[in-house]
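In what follows, chain A forms one complex with chain B and a second complex with chain C.
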Partner chain A sequence: MKPNCKLKLRRHLARWSCLLLASLVLPGCWDARMINQLSITSGVALDQAPPELMTEEGAVGRNNGNLPQNPDRLQVTFEIIIPKIASGMPSGSSTVKPFTNITVTGDTMHELTRRIALETNPIFAEHAKVILISRQLAEKVDLIRLLNMFYRDEGYRESCVIFLTESDAKSVFSVKGNDIPTDTIMSIADNQFRSTRVLPLLTLQKTMEKLTNGTSFVLQSLNVYNGKLMFHSGAVIDGATKRFTGYMGALEMQGLAWLHGKKTGGLVRIPEFEGKPSFVYEVKKMTSRIIPVVNGDQISFRVQIRSRGRISEDWRPLQITENKLDIERLLQDSRRDVEREIRLMTQKTLDLIQRKYQTDIIGCSNELRIHHPQVWAKVKPQWKRIFAEAPITVDVSVDIEDFGLENMQLQKR
Partner chain B sequence: MGPAANLNPDDLSPTQVAVILANAILGTGILTLPRLLAVAMDTPDGWVPIMIGGLIVIAFASWLVKIGSRYPGQTFFDYSPTLFGVWLSRLIVGVMIVYFVCIAAYEVRVLAEVVDMFLLEQTPKSVIIITMMCVSAYLVFGGIGAISRMCGLLLPLTVLVLFFCFALSMKSFDANNLRPVLGEGVYPVLKGIWPSAMNFLGFEIMYILPGRMKHPKKAYRAVWYGIIIVVAVYSFSYIAVIGGLSTEATKTVTWPLISLIRSFEYTGILFERFDSFLMAIWIMQIYTAFMLFHYLLVSSLKVFGVRRPYGGAFAVLPVIYILAMLPRSTFAILSLFRYVEYLFLFTIGVVPALCMVMNWIRRRSQHEA
Partner chain C sequence: MRILHNMVMIMRDLSLLKIPTWDIWLAAGFSFLAPYLVYRLFHWLGTNEQFMKRWKSLKSKPKASAQPTLCSQLRQPPEKTEDEAMLHRSLNQNVDAICKQIGDNTDLYLRPFQFGQHMKAMLLYMDCATDKQLLDEFVLKPLMRLSSDGVTDRMDPNRFVRRLRLEWIPMSELEDTASLTRSISAMLVGSAVLLVDGSDHAILIGAKTKLLRAIDEPSTEALVRGPRLGFIESLRANTVILRDRTNDPNFKVIGFELGQRNRKKVSLFYVQDIAQPELVEEVKRRISQIDVDDLPESGYIEQLIEDNYMSPFPQLQTTERPDRVIAGLLEGRVAIMLDGSPFALIAPVTFNMLLQTPEDYYTRWIPGSLLRVLRYVSAFVSLFGPALYIAFISFHQGLIPTKLAISMSGTREGVPFPPLVEALMMEIAIEILREAGLRLPKPVGQAVGLVGGLVIGTAAVEAHLVSPLMVIVVALTAITSFAIPQYEAGVAIRMLRFIVMFCAATLGLYGIILFILMLLTHVVKLKSFGLPYVSPAVPFRSNDWQDFLLRLPLFKLVLRPRMLKPQDQQRETDIAKKGGDRDGSGRQSQS
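Moving on to the complex of A and B:
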């Protein structure tokens, strides 16, 4: 029996030593990082450095070494969440802001991210949600160059959302109140289906996709009014120069939403017209199709817009009628008014983007590429000019489904 | 065929063969194939060459099965000495070993590279590679039965999670990115066939598997099933990536599928981010692919007179390790791949052809004798 006993002992020994070894090796992790030793960044704001920091003397600031002069110097602000305050705070009751902002100035993006480590804990960008670019910078610098680091670095996720700011980008991070500004931005952005002035969000990935494809597009722009954050308007980015070209007005943005046809909500106010008081049309659904028509050398586009919705506010005199003809006439009238209004708005938008900016932000090039690839290959180099000259016609057809809770004795046709 | 009918527990059923085959092929290609095709073709029609490539590979794999089924119960490395003679077979298998080592090194290095990039930044790559090798050696000792059960465990999980990720990526999917279909004709499709066929490497495992089956004739069906699984995974990942990122942007990213999964978030359901799921199952796939090449290597040593695999399994690891650590950068690794193409052609084209010729010669000489 002795050798068996010895074997048992040896097995025991082996087992225990394995366990010991495992317990020594397993808990160790090269990549363990203490959460309180990280600067958890929720947003990044990119600005052009103020003129005093562009020269050599100015650059010898708090965060800078001896930098040579550079007119395109960047100023980057990181919004850093302080988890202790942010988690322990019942909303609005504390007087301490749950975040701090750190601003650094320098020439390249990654350098600046690293320079943070001279001041505080290194940046941890996995939770960055928002990248803000100031208009000034977007006018001067190619956006691919600006966003390159964020796209390359695996620390930033491709799902960050890009915004443009009218004022300094960093001022957005110091608006009044104790809410974390990036959270405010994201919750306003959620209101997309309430207003045609909130554009669909563009993530870093989508933005880079548009920039590398050379398509023009519209970025949501923000602004700070009296210390309060506002969604301001749409900023047109030219796909050829990859820079900011101009803003769109409120009406033009509405027209753009109709041309895109991807929204699910929004209102159309039909203003007073020929003595008839105004009323409001609430959009339930809108779709649009752009149909390219190639006729020899002549390229033109037809946009078909369809919509369903309801009349949600009516300043016209109240009518209670059971006469089918009356209802029919009222519906016809309203429908015609809405269609006219939409046509007007889209025409305004087309005027702006065709005549003034000459940038194809509604995706005509894409439709042409898909339906007539050979033609597209031919016109691609001078697309800007061809788009500006292409005739675009808009057909609108609107279906009014209901009148809200007001009884109009509506009968389903 | 129930387990009772199976006298040898290591005999494989056609389903098991199909699963092992799919596991051997699925590897680095899941992440890189969309980019390779986008660069090679410049049009969004990559799913066509993936399907054509799949058909071609089915033909080649069936060829391997046909050769193997002449020697039931024997793998290529068992019968090649009798077919070619000892020295010629050693020469041929020697070249194949070089190829197996290269692919194993490539797989494990890509794994280390991706893990280093996205998961464990500070962990030395050597640790990742050595850990992987140890786990692989452990399974190789278990023999083909253990391997087939492991593969059977991992493949359904992989397919499930992958298709879950593809479904979620519908959030950023734009069908216009995939249009126009064949807008530039068939020429780009022809250009895409070679890169997509290259990403089916791993089906060399069919040199071994028919010999481990009770009914080698059933291997033909297994080849179809196994490769159809791979074609489905590849073409759906291609469609999801191109639809989500567009052809131009796909060209600019190193690991398109990871970029795609990182580009959206879901709020309101249990998880917001899904890249970790993708990484987890992708690592499993790399593991099985690496392990099967390791197994091929160990089996091929038989030709050199190594009868018991234990020593061989460890002996090849340092070679793989050194080769895996040689390239300096991701770029160098991905270009290493280009040289392996010739070895791939040799292994799947030249060797089976030689087999056919030798078979014919032997039969002729037998008839004459």
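Moving on to the complex of A and C:
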């Protein structure tokens, strides 16, 4: 080798080793963990600790920890997937559940998470999909405090979905059957296009946004009946106290969906009215607009709801007719009935949220802020009272464009 | 009043936007001014004639010093060497001199005969290297007949030899020489030497036995569609193959003789009015500087004239296909061929050439382009497949879709090794299998590959040495690396794959990114005969992208690749179609 080459080679080597050294030393990426040494967590359930664990003595024995008394003690259950069973490897009988639940008790979320290390592999939360909060806890503790750790920690995705549970949150993770409960929850949540009673999902990100804004909102609540998981109802979270205030009924939930106007599916059953049997209107599209009207000191709102849809089931006597006028009348009647029903439902919802809960969960405040910022700045401190007193009118206009295969002439209108 | 109020409001809003402090302004000013000033400086230098003159003279100096060696070594005429032994007038002395040098070879054959009464002659040749039938038919037969005529008796032997050459031996390859050394060296490569007593000139009769194998399809570069024609080991035959397919008078063949002990013929092919003259000169210079004992294969030339011996990438393309060579020549590249090697070298090479096949051009443009894209994808998978697997498994479990992560975790249950060791084991096993399969005879080799792969794979999975997913990844990388049409490029990618695996195992995706950055810096710096290696991409030439990732329809490829700076920029065949003349009746000629 020529001396020139040798020099070049040495310089090359020096340069490359410098680069190598720098790239090895500079990054903080040394935390290689094997995928099979992780506890892949798919869901977290937050509960209030049972009374015997709130006291000092209770906590000592059960959790290896020396905890002083705390009435707000948390109990958190992690649903940890057992990959070997969940991936369908032929091992063991099929009656084994593909997950285990680990329950720990403690005063703050992060402490709890660390306590897991005493029992099993560290929690790997990047695949967590669901955070469940029990109603009891949500009544008692500020939600921001509960979700704070989840929001800060980059281990939890911002796309975790938050649910409230009527029963104990951890009971959701021990329902009957061998399906992973979080998977069941997520697949039911996909049905929101089929039912107005499944609310749009609230991710961790959106929930935190609403909580920090002080906006009231509705969380989907779950329940366990006879060991079976169900989507239960809507839980109203007050933006001011950041706590659970109350549930909504089924009709009110439907009304809420109409006021929100963001769904693309759902049914409206028009009940028997003045002797006419009921029929069902299937929503294809619904939109709603909230228009704030400021008249001096008087603030009122107009909600414009538009909808397109079809009659999907009709118990009224069959009317086959070629007469244009008859057809027109039939259509008008149906439309009027649907509109009346929607108006009724929304009125019920408005009654509930204005009179009973006094929380603005339909976003009136936001519209007011956008259209009349000065007015909003003025009324912001007493918004709760003003919202409760504000007159809200609802305009509904429905377009029935399809009767199914019956009365096909209607479509050729 | 109202306007004033609004103004005040606006001012208040503005005051919310903090006006940056002086250091930020300074930094902003600097970050604008510094590149701008550098740009201005170089712009000024570029336009300054005095500076440019000095700069150019500074840069061209080493070239000037290289010039004389080029001339001295290029095309050494054989008769001009100094210490050459000359032939004697006496036949016996000549034969003795020859026998002294090569007489102990068993294949030296001496055939004495006579013209008339006095004139003795001797035909010397190497037994097997010379075609005896030719000698019998066209040398001995006419000369014997001549001697019986008795015309030759009183002629001066030197004149007689001249007349022999000019009139009596009906063969095309005859040479008259007075040099003993030349005679011997010619004899050694298959010429017969005819010595006549009394003359100090010999006739070299070119009657070499032609050892040619049949021309068949190259097995390393098989095509579905395309000529079934490959080069063979004879440079002469290869030249014929190329000449056969290029009727262009500008197609040039420049010959070299290289090797100190075994002189080997090397030819340089290019099309004179396309190839950039600087490129041709550079290749000539590099070839003529080769100084070795022997050149057994064109791989020697490749290694001796490449730009960067540390690079994993091949800097010359090797091919056995004449159509590929001709396509390269028509793009403005040059080809180098060595006698005794069926592999032609094409220079300069760019990275995209390594992922192209001639078939890209022979099939219609949509399948051609798609297959080419497929090859790029498979090169990527082949390079990064195991590395990505390692990175995802051991660092970025959150980036895998949940279901997949669960099943990956499940399959890795009970595997005792970290993913790097797992991957290394399987990759090395596959490489060994491949190497073993290459060396063995074909039918056995296939069996080894198949059986070895299957058996090792399944057994390793069943023994929980590796996870089944790893086997899939390894198999995938092996298959994708077979999709790379150039063997050398495939080897480069296989080598680099191991480096990426280590990067991924230490630093995860970050390590892979670091590796990509290093690879890119290397590749961008790398040049093949002055042409940047990733050329149509960096430096960016939009015209050449027509034939880079995709291959646009032929009539779109009007221009030859700009990166090669061809002298004649337009391809002729495309003009007709471009002019909308689709039946081709009125093809414009363009020169």
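Just so it is clear, the second predicted complex is superposed on the first by the 373 of 413 C-alpha atoms of A that agree within 3 Å, B and C clash if a C-alpha of one lies under 4 Å from a C-alpha of the other, contacts with A are read in each partner's own complex, and residues count from 1 in each chain.
Basically, a residue touches a chain if its C-beta (ideal position, glycine included) is under 8 Å from a C-beta of that chain, and two chains touch if they have at least 3 such contacts.
Note that the coordinates shown come from a computational prediction; the quantities given were computed from them, not determined experimentally.
Colleague: Looking at the overlay, what does A:H127 touch: chain B (first), chain C (second), both, or neither?
Modeller: After superposing on A, A:H127 lies in contact with chain C but is clear of chain B.
Colleague: Once chain A of both complexes is superposed, is A:S159 in touch with chain B (first), chain C (second), both, or neither?
Modeller: Only chain B is touched by A:S159; chain C is not.
Colleague: With both complexes superposed on chain A, which partner does A:Q136 reach: first (chain B), second (chain C), both or neither?
Modeller: neither
Colleague: Identify the partner contact of A:I40: answer first if only chain B is touched, second if only chain C is, both if each is, neither if none is.
Modeller: Touch partner of A:I40: chain C, not chain B.
Colleague: Using the touch criterion from the header, give the chain among chain B and chain C with more contacted residues in chain A.
Modeller: Ranking chain B and chain C by residues of chain A touched puts C first.
Colleague: Between chain B (first) and chain C (second), which, if any, makes contact with A:D31: first, second, both or neither?
Modeller: both
Colleague: Which partner does A:H371 contact after superposing on A: first (chain B), second (chain C), both, neither?
Modeller: The first partner, chain B, only.
Colleague: Tell me the contact category for A:K84 with respect to chain B and chain C: first, second, both or neither.
Modeller: In the superposed model, A:K84 contacts chain C only, not chain B.
Colleague: Check the residue A:E209 against both partner chains and state whether it touches chain B (first), chain C (second), both, or neither.
Modeller: After superposition on chain A, A:E209 lies in contact with chain B alone.
Colleague: Examine A:S278 and indicate which partner it touches, taking first as chain B and second as chain C; both and neither are also allowed.
Modeller: A:S278: touches no partner chain.
Colleague: With the touch criterion stated at the top, can you tell me which chain A residues are shared between the chain B interface and the chain C interface?
Modeller: The answer is residues 29, 31, 157 of chain A.
Colleague: Enumerate the contact residues on chain A facing chain B in the complex.
Modeller: Chain A residues touching chain B: 29-31, 154, 157-159, 203-206, 208-209, 212-213, 366, 369-371, 373.
Colleague: Enumerate the contact residues on chain A facing chain C in the complex.
Modeller: Residue positions touching the partner: 12, 19, 23-24, 27, 29, 31-36, 38, 40, 42, 81, 83-89, 124, 126-127, 129, 155, 157.
Colleague: Can you list the residues on chain B that touch chain A in the complex?
Modeller: Counting only chain B, the residues touching chain A are 117-124, 127, 172, 176, 179-180, 183-184, 244-246, 248-249, 252, 259-260, 262-265, 273.
Colleague: What residues on chain C touch chain A, complex-wise?
Modeller: Within the complex, chain C touches chain A at residues 310, 393-395, 397-398, 402, 405-413, 415, 418-419, 505-508, 510-511, 514, 518.
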